[in-house]
Structures are given as structure tokens and as C-alpha cells.
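Order of writing sets the chain letters: A, B and C. Residues in each chain are counted from 1.
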Amino acid sequence: MGGTLQGSPDAVITRLAPLASAGPDELAFVAQARYAHQIQTTQAGALIVSPVLQEAAALRGACIVTDDPYLYFARLTQWWRSEHEPLPEPTIDPLSSIHPLAVIEPDVDIAAFAVIGAGARVARGARIGAHVVLGRDAVVGPDTTLHARVTVGERCVIGARCTLHPGVVIGADGFGFAPHQGQWIKIEQLGAVRIGNDVEIGANTCIDRGALDDTVIEDGVKLDNLVQIGHNVRIGAHTAMAGCVGVAGSATIGARCTVGGGAVVLGHLSLADGVNISAATVVTRSIREPGHYTGVFPIDDNASWEKNAASLKQLNRLRERLKAAEQAIAQASNNTPKP
Amino acid sequence: MGGTLQGSPDAVITRLAPLASAGPDELAFVAQARYAHQIQTTQAGALIVSPVLQEAAALRGACIVTDDPYLYFARLTQWWRSEHEPLPEPTIDPLSSIHPLAVIEPDVDIAAFAVIGAGARVARGARIGAHVVLGRDAVVGPDTTLHARVTVGERCVIGARCTLHPGVVIGADGFGFAPHQGQWIKIEQLGAVRIGNDVEIGANTCIDRGALDDTVIEDGVKLDNLVQIGHNVRIGAHTAMAGCVGVAGSATIGARCTVGGGAVVLGHLSLADGVNISAATVVTRSIREPGHYTGVFPIDDNASWEKNAASLKQLNRLRERLKAAEQAIAQASNNTPKP
Amino acid sequence: MGGTLQGSPDAVITRLAPLASAGPDELAFVAQARYAHQIQTTQAGALIVSPVLQEAAALRGACIVTDDPYLYFARLTQWWRSEHEPLPEPTIDPLSSIHPLAVIEPDVDIAAFAVIGAGARVARGARIGAHVVLGRDAVVGPDTTLHARVTVGERCVIGARCTLHPGVVIGADGFGFAPHQGQWIKIEQLGAVRIGNDVEIGANTCIDRGALDDTVIEDGVKLDNLVQIGHNVRIGAHTAMAGCVGVAGSATIGARCTVGGGAVVLGHLSLADGVNISAATVVTRSIREPGHYTGVFPIDDNASWEKNAASLKQLNRLRERLKAAEQAIAQASNNTPKP
């Protein structure tokens, strides 16, 4: 994996551990300079550090030196999992329900009580968890993992090497109704969802099918848990969204954006590439320039908040009063005899 | 479906499509006058337009003229789906688990691995998806569709012609505990959930059972995905709520309200009929008059937000300072020799 | 259950009911003095009241007097449920899928289509609902109930007497990626989730597994529906969180805290014991002192909100203008001839 070992190659490491709590047989990493002071105090058996921290780390014991310790650590976790929790050989559980017109490629794992619909296609190396439902003509790409009880609606397509966590719903109907005489008339959602390669989707997250065209999630997108993606949204490649984000219908999010937890993006808006939205911020207008955007009411002790919130409801009036005061000052200044 | 065709009745339409991207064999609609300028540029083979746009539309080719193009389009999607994706004949999958004391009326479809509890009743024409669970004595009305892995708790009732999307949970316990010596004592939730006719509920949305009385969702209500409805809430007929809305216990929402995505309604509040709440707004008091209500911190570039948020925490103090300035001005004005 | 009955012990009570709607054969409670005026008007057959309300209650009919009517009511609901909806004898449904290396203790109930993985352990008296999935080496404590389609990931541990509602996901991967050349490299989540005793978790709530160490939920915690708990979070004993709350990774929440619905706690923050966060508040800094904290934009009619929100974006500028006005006033005061 690259990196240079400094110290004994015979040290036994039994676990990867956080810097603060690591013990003598554990390996920790120092990703950022601001944790450098912990190098002196950590009990870790070995450290992963960047070249600038090599000297300090070597003074206390074994270390692995690499340009990007956080990246090295990420790859190490992947190796660790493959070593310690290797995937079992793929099998097709006899308690699954696979339609005779479904296409199951070789080396596919299908767990108990999964349901694979007519015309659905599961590509080589894919793993279909317990209680997964693939609708008619749904497609799961090679080496993609659907964890327990993921639902993929009819005609929806998932790319290669994706991971969908439990409870994900792909391709439920978008929320579309025409008003008519005080009632709502259903607009059938005739589109589907298309998800690119290397996409990860968190538990119980929902991505709705498009009304006419498809909802599109591009390559490398990462969505956390309990995220809601409305119909006809497009999310650009390598964009990441934290938990509980909601993106309303027909919004277009650029590539390499980040959206903090609990943020809301209203419908039909566009976000440029490289936009970072803070947690819990409500995006009420399109954002054309990359950058960092925020809109959050600052937390305060409740009594202070009550006073400030009450004043906020008069803010426009305060602004007018200030303007009047400024005018009175200006006028007084004109009228006052100069010293 | 009504509407008047202008142009050749022989044109072949292969798909319904958005106005902006429709091609020569596709049909699009122009719902609002502000899209009228696209009539000149769309490649659509035919357009659905209102009478005022008939002339412009006819100049470029075939069109269907109707008083409400959006409503016409909604009905057309329904026809399109029934033509192109007709529902299969109802069957009862042998891999389902149906209690001998459940009542299944004729023409019911039950998919694989569904579980129907003792005393549950599924009315004529209902469709029960894969992994659906109906608790003891639950009722599903005629022609209602429960998509994959919907859960309906014991004694809960769903009306006719409803659609519940995957992962919906009806009738989990409401959140009720009595504090006692620093701990929480469970209040068993003895009520149920009653859902009217023509209700649609989005993926992974939850509606809790009442503590003593029932939680009630009236006819024609539409809830989007990942919505949370607390115990003993009542939602009036034809109210619509977008994704990620949370309604706390014992709130009473009127008829024909709309609640934007991510909004929160606190417990025990009442909203009148015809109230529209903007996305991400927190309703902290009852609203007695119909109208449009909002409370959202405006998004800004992060640096500007930081300054304004810091000032906001002193807003009440600023108000007091302004009042003092006004008094100083008034006093100075009295003391200043008039010109 | 304690309490003193005043009135006839022969009265027949058929239901527990809310004070406002209770009828002659129903029992209601008066938890707070502010509902005392309803004692005169309620039609309830009997009332549960505190000693101070005994006299008023006795004037109108039967009552049960107890120091804490709300607590008494909570315990009464538990007794009521056990009397009227007793749990069926535990059985193991033949349609479940139990790995031969799983350990199922006596008196366990396992419903249809549940999946119990290799090495998983289900303790005495636990009830495993339909479509529940227990991953490899997962542990479910004694007398714990997992309702339909709860997922417990590999190596995760649930304590005794817990209740997990439908759709809960325990132990999906935490959201961790290292950035690398514009893409995200997965950090495998090698920790698990440990949940204490007497914990209740609402429908479709998600608790992610830790990256290296475990995510920890201490005894007596109560989480409502659709809550998101990130990796490596620790929630202290007897803390309660309402629906739609999001807690980002590595946050540490104290004991006996309450967090209102829709609130967001950012990552790596600490909350002291006994902190109360209002609904929809965003916690952007650690809170060291117990108390009540809020940050919510006040709702207003939309037109007023628009004006105030526009002014808010100039608030820091207003503050500077006010300061200038104050200086001008001070200077003018110095320059003005005294009367």
C-alpha cells in the first residue's frame, strides 16, 4: 500500500484504533497536524504519519510514513476487512424468490427471502441481501452490494461497485399531483432512477423515480442515511450528502459538492460544481459559484434566544427606525452651530 | 379525456416528455403561461395547451387544447401507465404467510413473503406487496396498494384506493413516557391509526398509533417520503406534505393545507384549513387564519452568514441601543436651537 | 399499583380515555393542575388525580388518588395492554431462516421470514418479528422485542428489555470516506453498535456502526422515529430524542438530555448531562452546562418574513450603522451648547 515502515517489522498489530485510545498492540494514524501533540502521549504500538511528523513519531516507536495518512488509513481499513471478514462464497439461498425471466449472472450471491422480479438482471459478483426486492426489469451492476431489504423499483438501474445499505428505497413514485377542485390528481411517475458506478447510499435513504425523465445519480456519489432525493433530481459525480438531507424535485446538484446533515435544497434549483452547503442550511435560490454557503439560526440559551427571536420579527422595522435616526442625526448636524 | 385535437390524428406518439427535451414523436404539455416562449423552440411532436396558447401552438404543429393542461397531463399519465404497464392478474403467492383467521376478499394480489396476521382483512382489489406485514386485525380497504415491505400494525385501518410506498410504517408506538426518578416509564400506546380513502404515503414515512384515541389521516391526504406523524395527530382532508416533514404528537392540521419539505410542526398545535407552510419552517404556535407562513434563515456565503449570525445574538441589545439613540436624538432635538 | 380508590369499587371501566372525551364507563387522568377546570365538565366514569385535586374530583364521582397521576397512568397502560393484548406463547415460525450456528435460548419467539445469521445469539424471552435480520454474531438481550423488519448488523449488541420498532437499522456503515483526487475512498467501518438495557428505538431510525470503536447507546435511552445517529456517537443514559433528530459522527451526548424533534447535533461535539435542546435547533458548538438551548427562526406570515429575512442579511451592516449613529450622537452631544 506504499508508505515506509520505520521500526521493527516484527511488531504484532491486533487492531486499528483511534489515536487517543490505542494500546501497545494497536495501530493508529495522525491525519492532521493539530493532533501532533498526541504523538507524545498515545500508547499506540505504531503510528501512521506524514513526513513532517516522522521525526516526532520515530522518537517514540514504530511508524509508517506516507504522504497522506488518512488515505493510507482508508485503504488499510479495506485491507483489514478483507483479511478479517472475508465475504463468503456466493450462493443462491433456496428461500429466495427469483422469477424465471430474471437474469442472474455467475458469482452472484442472493440471500434468503430476496425477491427478483421478471426481467430483472443481476450482474456478475453482485450480492443481494435478505429481503431485497428487485422490481420488474431492474438492473444491478457487477460487484454491487445491496444490503438487507433494499428495494429497487421497476426499470431502475444501479451501476457497478455500488453499496446500498439496509432499507434504501430506489424508485418509489415521485411526489406529483395536479390540483383539481380542492383535491389532488395523481401524476403517474413514468420515469425511473439511474445510478452510476461506485455510489454508496445510506440506510433508509429514498431516491424517487422521475415523472417523465429519470432521476440521475452520477458516479461516485455518496449519500448518508435518511436522505430524500425527489424526482428528476440530478446529482453530479463525487458529490457527498450527510444524513437527513432533503433535495426537492428537479433540483440539479453539481459535481464534487458537499451538503451537510439536515440541509434542504428546494425544487428546480441548480447548484454549481464545488458548492459546499453547511449542515441544516436551506438552499432557497440557485448557487452559481463554488464556495461555502450557510444559513442557520445560531443556538443560544433559551432566554436569550427568546429575546433575540422577538426582536427579529421587528428587524425590518428596526432598520427603518435606524434610517430615521440617521436622517435626524444628519439634519441635526446641518443645523448645529459648528464649534 | 376531453380536450380538442388540432392537427393530424395519425401522428404517432411514443412517449410523454418534458417540454424542453421532447422530440418529434413525443407529447409535451405547457401548464403555465411562463413556459409559453418554449412553444417556438420545442421539438415535441404535439403539445397540450390551454385555449390562450392554442394559436401559438397550432402555428408549429399538432396540439390538444384543454382548459387545464396540467390536469389533462395528470390523467394522461394515468392512462399511459394503464396502457403500458398494466397490472398483472391478482394472485396469491404461495410463499406468503397468511393466518387462517385472516379474511382475504376476492381479486386480491399478495406477493411473496407477505405476512397477514390473525383477523386482518384485505378488501377486494387490494394489492399487497412483497414483505408487507399486516398486524392482527389490521384492515386494508378495496383497491388499495401496499408496495413492498409496508408495515401496518395491529388494529390499524387503511381506506380505499390508497397507495403506500415501500418501507412505510403505520402504527408503530407513539413516543410517550412518564418521567420517574430520572428514568422514563413507557406509556403503552393503546390507540391505532385510521387512514381515509385516496391517501398516498411516501417511502419510509411513519405514522404512529395514538396513545388512547387514534391517529387520523383524512381522505385525500398526500404525504411524501420520510415524513414523521406523531401519535394522536389529525390531518385534514386533501392536505399535502412534502418530504422530511415532522408533525409532533397531538397536532391538528386542517384540510387543504400544504407543508413544505423539512418543516416541523410542534405538538398540540392547531393549523386552520388552507394554511401553507414554507419548506423548513418550524411551526411553534397555532395558526388560526389561512395564509402563507414562513420562518427560514436566509442562506448566504459563509463569511457573511458568520457576521450576521454573530450580530443576531446581540439583536435585542441592538434594539435597546437603537432606542437609546432615538431618545438621545429626541432630547438633542429639544435642546438644539431652532434655525 | 398504589393509589387510593375513592368511590364505588364496582364501577365497570371499559377503556382508558383522554379527559376531554372520556365517557361514563371510561377512566381518565388529570396530570397537571392546568387541566383541573376540566374536572367539572368531563363525563369520565372515574378520574386519576393528585391529592390536591382529590376534593374537586370526589365531588363529581369516583377517583383514584395518587401522588403522580401521569406515572400511575403510564403503569396502568402497561397493565391494560398485558390484560387485553397478552403476548401469544413464543413459537419459532417454520418459515424463518435460522443459521445452524446461531444460538436461540428458550422462550424465544421468532416470526415468519426472520433471518438469524451465523453466531448470532437471541436471549431468553426475546421476540423477533417478521422479516427481522440479525447479522453474524449479533446479540439480542433477554426480553427484548424487535418488531417487524428490524436489521441488526454483524457483531452489534442489543441489551435487555429493549423495544425496536419496525424498520430500525442498527449497524449500517458509518459515513466515512477519505478524499483523494476528487473522489471518495471508503473507510471500512470496523466497529459495531452497543445498545444498553431498556432502550426504545422508533420506526425507521438508524444507528451507524463505529469506524474503529463502537457507537454506544446507554441504558434507558429513548429515540423516536426517523432519527439518525452517526458513527462513534455516545448517548448517555436516559436521554430522549424526538423524531427526525440527526446526530453527526463522534458527538457525545450526556445523560438525561432531551433533544426536540428535527434538531441537529453536529459532529465531534459534547453535550453535558441534563441539556435540553429545543425542536429544530442546530447545535453548532459543545454545551458544557445543563440548561435549555434554542435556535429557531420564528415563523411569521410570509410577507413579514420576507422583509425581516432581507434585513437579516444586512444585520452586521445595521450594527455598524448603529455604532456610527451612536458616535455621531456622542459627538453632537459634546458639541451642543448645554441648556
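The rule we apply is simple: a contact is a pair of C-beta atoms (placed from the backbone, for glycine too) under 8 Å apart; a residue touches a chain by one contact, two chains touch by 3 or more.
Treat the numbers as computed from the prediction; the structure is a model and nothing was measured.
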{"item": "Angle, in degrees to the nearest 5, of the Cα rotation that carries chain B onto chain C", "value": "120"}
{"item": "Classification of the chain A:chain C interface as same or different, half of numbers criterion", "value": "different"}
{"item": "Separation of chain A from chain C, taking each centre as the mean of its C-alpha atoms, in whole Å", "value": "24"}
{"item": "Where chain B touches two or more other chains at once, by residue number", "value": "113, 131, 149, 167, 204, 226, 244, 262, 296-298, 300, 310, 312, 314-315, 318, 322, 325, 329, 332, 336-337"}
{"item": "Touching residues on chain A, where the partner in the complex is chain B", "value": "97, 113, 115, 131, 133, 149, 151, 153-154, 167, 169, 172-173, 175-178, 180, 182-190, 204, 206, 208, 211-213, 226, 228, 230, 244, 246, 248, 262, 264, 266, 277-278, 281-285, 291-298, 300, 304, 307-308, 310-312, 314-315, 318, 321-322, 325, 328-329, 332, 335-337"}
{"item": "Residues of chain B defined as touching chain A within the complex", "value": "15-18, 21, 68, 70-71, 73-75, 77-78, 80-81, 85, 93, 95, 111-113, 129-131, 147-149, 163, 165-167, 198, 200, 202-204, 220, 222, 224-226, 238, 240, 242-244, 256, 261-262, 279-280, 296-302, 305-306, 309-310, 312-316, 318-319, 322, 325-326, 329, 332-333, 336-339"}
